[in-house]
Structure formats: C-alpha cells, structure tokens
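By written order: A, B and C. Residues from 1 in each chain.
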Amino acid sequence: MRERLRTAAVVLGLLVLRRRRPEPLLPAEQEPIVPEGSKQPRAELLALGLLLFAVVCFAAFVAVYALDRLPRQTQLLGLALGLGLLSLAAALIVTAKRLVVTEELEDDYPAFEHPEEQETIVRTAEESGSRLTRRRLFALGLGAAGGTLGLALLAPLASLGPVIDMNPFYRVPWRRGRRLIDEDGRPYRASEIDEGTFYTAFPEGADKEELGSPLVVVRLRQSELDLPPENAGYAARGIVAFSKICTHAGCAIALYRTPLYPPAEPKPALVCPCHYSTFDPATGGTVIFGPAGRKLPMLPLTIDRRGYLRAAGTFDGPVGPSWWGVRNRGAKA
Amino acid sequence: MIRKLVRFIDQRSGTAPFVRKTLRYLFPDHWSFLLGEVALYCFIVLVATGTYLALFYTDSTADVVYHGPYVPLQGQHMTEAYRSVLDISFTVKAGLLIRQTHHWAADLFVASILLHLLRVFFTGAYRKPRELTYWLGLTILTVTLLEGYIGYSLVDDLLSGMGLAIGNGVALSIPFVGANLAALIWGGPFPGTSAFFPRMYIAHVFLFPALIAVLLTAHLSLVALKHHTQFRQSRRESERKIVGVPTFPGQTPRSLGLLLAVAGLLVLLGGLVQINPIWLWGPFHTYISTNGAQPDWYLGWLIGALRLMPSWDWTVGNYTLVPNPFWGGVAFPLVVFGFLYLWPWLERKVSGDRAVHNLLDRPRDAPWRTAVGVAMLVWVFLIFMAGASDRVFVFFGISYGWQIWVYRVAIFVAPPVAAFIAHRVCVELREGERVEQGRERAIAEARAEGGAGEPA
Amino acid sequence: MRRRLVTVAVLAGALVLPLGASAATPAQVERGNHLYGRYCLSCHGAKGSGTPNTAPSLRGAGALAADFYLRTGYMPLHEVGTQPRRTRLLFDEGELQALTAYVASLGQGPPIPKPRPSRGNLAEGMHAFTDHCAGCHQIVAEGGYVTGALPPALENATDVQIAEAVRIGPYVMPTFSKQQISDRTLDSIIAYVDYVKHPDDRGGWALGHLGPVPEGLVTWLIAAALAVVFCVVIGKRLRRT
C-alpha cells in the first residue's frame, strides 16, 4: 500500500514538474502569428520561484489574519499581502520580459475622419424631417419642452436646504440676559475670569455646536482697552467676549497670545490656526494680520447682581465667514 | 481547451473578430505612457478597499459616548461617524490596513493623474484629434479632488471637521449665490443638518465614483479608438504608422504586473506607514481646533492661496461682493483649470497649427509650450509651498510673516523667470542637437569621400 | 549587587530631593546670590527689582518660575524681547538649586509644583489639552505657530516643567490659574502629554504625528517615485539593441 502511494506521488510529481515539449498546435506549413522565441529555462525558474514566494506570502496573510491579539498585526498583514502582490508582479514582469516574445509591430492609425459616413448621418437626420412644415418652430418647441423638463427635474433640489431664506445665517442664540456657561454647563462668574488667559463660553440652554454659540472670553486691563465708539460699553470690568468662529473661513479661534511681560513681547491677540488671521481684542476684534476680511463679532457683556456674566445684547454683526449679505444687517437673536 | 472556450464564447457572443483585433492592438514604447495606467490601478485599489470600508462605516452625526478600546477617548462625546471609523481602526480585524491602504491609494491616485497630465501637456498629446480625451481626463481630475476631500471629511475627526469648516467658508464666499449654495449643500448654516453626512456619503461612495468610472470608460475608449500617440524613435514611426507591442502576449503581463506592483506598493504603505491616525486627532466640535491643521497634499495649493491673500472683502456699500476666501478657494483653482481646459484651443489660436498629430513633441521641440507650462507649474507650486510655511517656520525658524511676503512677490516674479529659463534651455538643447547632427553628417560625408581622418 | 545600588540610589534621592525642593540652606542662597550677580543682575536688577522695558521683577516669581526658566535653559536670554528657547543648560545641578533658592528668597512666590500624572485620567487629559492647549501646541503636542511666536513641541518637557509652564504662561502663553485648570486636571494633562510622546502608532511609521504634510512627502518621494520606477522597468522593452 505504502509502496503504491509512493509510486503514485513520484509519478504525479514527474507529471507536474517535467518539461513538456509543446505539441505543435498548428500544421507546420502555417506561418505562426506570434514568432517563436528561444527557451529561457532560468527565467522560467525565477518566475516559478517568485510565484512560490507569492503563494507563501498570501498564505501567511491568511494565517496572520486568523491569529488573535498579535502585536503589530496591521504591519504583518500589510507586509504579507504587499510582498505577495509585489512578488506576483515581479513574476509577471519576468514573464513579460523573458518568457513571452516581445513583438514590435506596425499598424495604421485609424482614419482621421469618415466623410461618407458623416454625409450619410447628416442626410438621414435631414431627410427624416420631410413631413414637418414648421421646422424652426418644432425645434423651438422641443427645446422649450426639454429645457423646462430639466428645470422641473432640478426644482426638487431646492428641498435640500433653505435656498431663499437667509435668516438662518443671521440668527445667533445670544440675546440680552443669557448667561455664559462653560463646556460642562457651569455659569461663569466675572470674578473667575483672569487676565492673561482665555475662556470658551456658550449660551445657557442653547446648542453648543451652532456657529453662533461659542465665545472666546478674555479680560484686559482697563488701560489696554481701546474700544471703538460703536463698541463702547461692550466690556464688563475689562472682560470682553467675541464669537469664537473666525470670520475668514469658520475655524475655531483657539489661540490667545498674551504677553507675560508686555513691554518686550507681542501684544495680546486672538489667532485662528487655519490661516493665521489675527484679531486684536483691545480694539473690538479688528484684523491685525492674515486674510480675514471682517472684524470678529463682539458680544456686549454685563455682570448680574450675583456676579454671573450675562450677554447685554447680541453680537455687533453676523458670525462666521463672510458671504454676500453678511454686512446687510446685524446678527439676530 | 483554449479552442473549446473560444468557440463557446464566440458562438454565444460573436465577439471573436473584436477580440482578435484587441489582442493585436498596439502599445507604443515609452515608460511615461504607463503613468495613466498607474492612476487607473490606484482607482481599482480605491474601489476595492472603499467597498470594504463601506461595510463598516456609519454616516450618522448622532452624538454618542465612546467606550471602545482606545483609552484617551473613552467617555468623550463624538459622532457615530467618527466612532465607526475608530472601530474600523481598532476592532475590525485588518480594518486599519484597508483604511490606510485606501488613504494612500487616494494620495497616489491624484499624484499619478498629475504626473500623467504633465506628460500629456509637455508632449503635446492633447492636440488634434485628442482634445476630447484630454478634457475628459481633466474632468476626472476635478471630480477626483472633490472625491478625495469628501472622503477624508467623512471621518469627522478634528482635522476633517476643520477642513469642512473651511470648505463651507469657501462655498459661502462665492459672489451672489454662495450662501444659497452652501445652505443647499449643508441644509443650513455650518455644521449643517443631520442630512449632510448622508449626502456626502452617497456622493463619496456612489455619485462621484460612478461619475469617475463613466468618464474613465469614455477616456479609455477614445484612447483606443484613436490609438496611442507615440514618440518618433526610429524611421518606422510616422503620423500614419503606429509602432508598438501588441496587447497579447506582449503588453498583458506588463500591465497586469504594473497593476499588482501598484497594489503591492499601496498595501505595503498601508501596513507600514501610518496615515491619518484619526484616534490621535480626536473628535471635531465647531468650537475647537488644532494648530498645524492641513488638508491632504492635493488640496495644499488651495490652503496656500487662502493664506497668501491679503485681508480683503470687496464690498459695495453694505453688499459684500467678493468675500476673501473666494480668491484662494475658488478663483485660483478656476484660473488653473480654466487654463488647462482652454490650453489646446489657445495654442491652436496662437500657433495656427490645425494639423492632426499622432507623433509627440519632446518638450524641447515646443519651447513656448514648455515655457508656459513651466511658468504655470512654478506658480502653482509656489502657492502650494506657501501653504506649508507655518511648518517651515517650526522646523527652520524662518519668520512666517516674512515668508508670506516673499511668496506674495515670488508668485509674480518667479513664473516669468522660469518661463524664460525653460525657453532658453529648450532652444539650447535643440541647437546642441543640430550641431551634433551636422557633425555626424560631416563625418559620414568625409568617410564617403574616402578620407581617412576626421575633420577637426 | 545591582539591587543594592538601586536601593542606595533611591535612598540618596529620598535624602536629596526634599533638600533641593524646599528647605534651602543659607549657604545655598548665598551661592545663588553670587551666581545671580554674575548672570542675571544686568537685566533683572539688584535683588530682582527688574528693569523697565527690559526684564520683569523677580520678587514673588518664586521657586516655580526660577526652576522652570533655568532648567529649560530659557534663561539667561541672549537677546531681550525675543522668545526664550530651550537651550543647553548653563548651570550644574548645585548651581540651579542655589539660584532657585535665591530667587525664591526674594519674595513670597509659589514653590516648585509636584505633579503626579499617575493620578491623572488620560481621557480627561486629552479633552482638557484639546480645549486649552491644542490651538497652539497642536493636538499631539508637536508644536506649532502663532503669529509672533513659536509654541514649542512638548517632547522634551518634563512633568514638572509642564506644570510650571501652565501656571506661569511663559512669553505669550496664557497663564492658567488653579480655578481654570485644577491640579487634578493638570495631572491629567501631563499624563496626556507624556502619553503622546509615544502614542499608539498602530498604523506603523508615525511620520512625526504631523498628518498631511509628511504624508504628502511620502506620497511623492516614496509612492510616486516608486510608481515611476515601476513604469520605467516595465516600459523598457528590449528594443533597438
């Protein structure tokens, strides 16, 4: 029994591994389409080796995938699959370069144009309209119907969003009396706002993710404050608040540079990290560097009897990046 | 065996004549003709990996609290979309490999399209009768840029959220209709309604890929119908005769080899080089941001333009005519793509060349085209580099404000200078060739006359 | 043998640390005074009184600030008005302690903090870092840019230095009070900063955690370059020999 199995294995191995002399597929007198090339047994062996390596890699990929909790599993998976693919690619390239005949043939470029066919098409189109008496009008009718059909098909796209109503772009949740709260919902007291640092505040009871919600709040020394007349009274004991959304492209202003030793260091400024628009909190949020084309919207503040910070009104302008109507009217609470 | 199969298929489809012609279709010989193929193979890898990712991604912006295996994010509020990509990276086996391969494939896809475009431009391959092919290719590039942007935006990590905010700002800045358009796309002011992510998702996994596939089919059909262009490498190539290797057996293993090589490279990168580690960026909220946020490389030219623009909003009374981001985010790419689309027509107008071209120019053969192309390239590249000036400051200490001013000057000065140099180089190279040819001819003539010595 | 060495080191540390941290000897202060006269006096003035428009007063700065500026090499500053940078330390350990002791003796200032990041919570730390620090220092603390200054990367910052910097707000950095960032939150932030020095890079080669810029470089210098190599290898077809 064992003897027989061994013989069978040897025979099978010989069958697979032996070099087969290809039988002539065509009768000898017929000219070959692909010219015959010289034999390249070494290149053939190389290609076979590469294929074998690819097989090993792909099997390894499956094995690594099947294992659990392997350190660096992503790297091993990538290595196995990537090397397998590259090895297969190499085998094909060896095949292309050494194992198939690289013919260099000539062919005609296709004709640049086909005048007869063009003529036939034109005549077919023209002659098909022989029964029409008002051709122009008919064409106009077709065009009008097609155009309005397009319009009708596009019209429902207006349901995607408020296409005419621009009110949402002016609306902000800040209105007179709203308290400033922190990210965890705790209201800010004026006394806890220090100089030389910045705070992020939200309107009490509103959606934090809305563009009109987040504020950046800082306290400046009274001597530093230089608010323009239209922002007079916006500060409460040196505390000023601005929309945290940059007026250039809408990123959050999460940078406050504030000199520890003012005479020798750059003056306080709010900076957007996307395109480095830089705003001066002391002058009501004017642009002092970078591409922003509008000052930061400022929120007037008051301090209530219990010491909490509250909005004394709404922003002095719409929040967020500029658009065609951004200067037409103010922010709406 | 083969015979039986061929007979079976032909009898049932009648495609034998077509297949016979296809097998002997010729591919002219030059490595640069394969750049477009690299792009095609990146697209195939993108579709394959993207399909896998789509099986796990959730397009919802509903607020959830993270309880997954990544400790620094545990207990943080985030959108379902972001959590699903965290899960792809941490809990789906092989998920991170596929995700990173997808991202690298996207980066290489655009890069290879660009290389292909440069080859086509500088060799004049877009000329009659291949203008349509060229325009289709440009359209594929346009759609691809949008597709890539939406792709990394879908993750909803801190970087992609900031990218979306900027995209919204750019959309708003379009004169007269910007806000209306942005309201349509986002369903309202930023960050948009809950419908916005599903919209991006359907665009990313269906609308845009389908569009790219259709454009690609048309692009490749036109290439095949008009046959490839070729360089004149010997006396055999001409405007009428194409010389090349047939599809089978010469080209097929080569193209398959390239497909597998590109796929292997991308998978290796996907496994070994970390790309967009979204767990490190954290979730996005409108009120937070990080320093050093950048878009993927193929949108870097736009952020550069946005940063270079001085602080202008053009207004007429209270009406804001042109908000600032329009210049860098819309006008600049419009100029670049407008130039590319119009170029075949412009060149024909100026040169008066209306002939059919199957033979390619070498860049030196068309000094003016090369000069204009180099100028355009230098212009875009400088603006691209300006987008990385903050990182240059961090690494090399060159003042940011100073760099911005240098770039503002350089983008006007450098392109003409580069054009002049490119033109001179082309002319000189050709001059050198002419001298060389003259010398060879003289030697040949001298030999023919029976003279033994070379002319000095 | 090794274990004994470790034991000795631990004992020595236990003996030295409290001495260095709090109880300054008069001899140390005297030595500090001497060093102060040599290296600091020209700007910060006699007994830390400060010089208008040049250098702030050091009275009340405390051991906390002195320890921070000296151990980071921020001071002595080579040019007034420029951003202090991390440089080679000018002083050895004894001199550092002496100078710190001297500055602390100039007024009632905060002592050197003793952060315990092991008490902190990584998730809370990442959250707080995102809110307060990422705008300038970048979300993975790789450093960044703010107009007029260069927020440094935090890879070389020690736990104590982070705790000190948060309370001081050097150069143009904000100063965070205990009310704004409690010691507990500070521990979490430090735990996070320590974590991101070697974060979970399960994706492979981390490219400095800077995102798209190095990724673009890899795309072009590795991926696109290799793709071109493939094209050249495959496109060459053994012709015209």
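FYI, a contact is a pair of C-beta atoms (placed from the backbone, for glycine too) under 8 Å apart; a residue touches a chain by one contact, two chains touch by 3 or more.
Just so it is clear, the structure is predicted and the values come from calculations on it, not from any experiment.
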Legend entry - Chain pair that, of all pairs, has the most C-beta pairs in contact: A-B
Legend entry - Most centrally placed chain - per-chain CA mean versus overall CA mean: A
Legend entry - Whole-Å gap between the CA centroids of subunit A and subunit B: 14
Legend entry - Centroid distance [mean C-alpha coordinates] between subunit C and subunit A, Å: 34
Inset, instruction - Return the distance between the CA-based centres of subunit B and subunit C, expressed in whole Å. - result: 41
Legend entry - Shared-contact residues (touching 2 or more other chains) in subunit C: 131, 134-136, 144-147, 202-204, 234, 237, 239
Inset, instruction - For subunit B, jot down the residues that touch at least 2 other chains. - result: 29, 96, 100, 245, 250, 254, 257-258, 261, 265-266, 269, 271-272, 288-293, 390, 400-401
Inset, instruction - Could you list which residues of subunit A touch at least two other chains? - result: 74-75, 78, 93, 96, 102, 104, 200, 252-255, 273, 276, 289-290
Legend entry - Residue ranges of subunit B in contact with subunit C within the complex: 29-35, 37-38, 70-76, 89-90, 96, 100, 104, 107-108, 111-112, 115, 158-159, 233-234, 245, 250, 254, 257-258, 261-262, 265-266, 269, 271-277, 279-282, 288-297, 300, 388, 390-391, 393-394, 397, 400-401
Legend entry - Complex contacts: residues of subunit B adjacent to subunit A: 24, 26, 29, 93-94, 96-97, 100-101, 129, 162, 165-166, 168-170, 172-173, 175-180, 182-191, 193, 195, 199, 225-227, 236, 239-246, 249-250, 253-254, 256-261, 263-272, 285-293, 303, 306-313, 315, 318-321, 323-325, 328-329, 356, 358, 390, 400-401
Legend entry - Residues on subunit A engaged by subunit C in the complex (per definition of touch): 72, 74-75, 78, 93, 96-97, 102, 104, 183, 192, 194, 196-200, 252-261, 263-266, 269, 271, 273, 276, 278, 289-290
Legend entry - Complex contacts: residues of subunit C adjacent to subunit B: 122-123, 125-127, 130-131, 134-140, 142-147, 150-151, 153, 192, 195-196, 199-207, 209-213, 215-216, 218-220, 222-224, 226-228, 230-232, 234-237, 239-240
Legend entry - Complex interface listing, subunit A residues touching subunit B: 34, 65, 73-79, 81-90, 92-93, 95-96, 100-110, 112, 157-158, 160-164, 166, 168-169, 200, 202, 208-211, 213-214, 244-245, 248-255, 272-277, 287, 289-294, 320-328
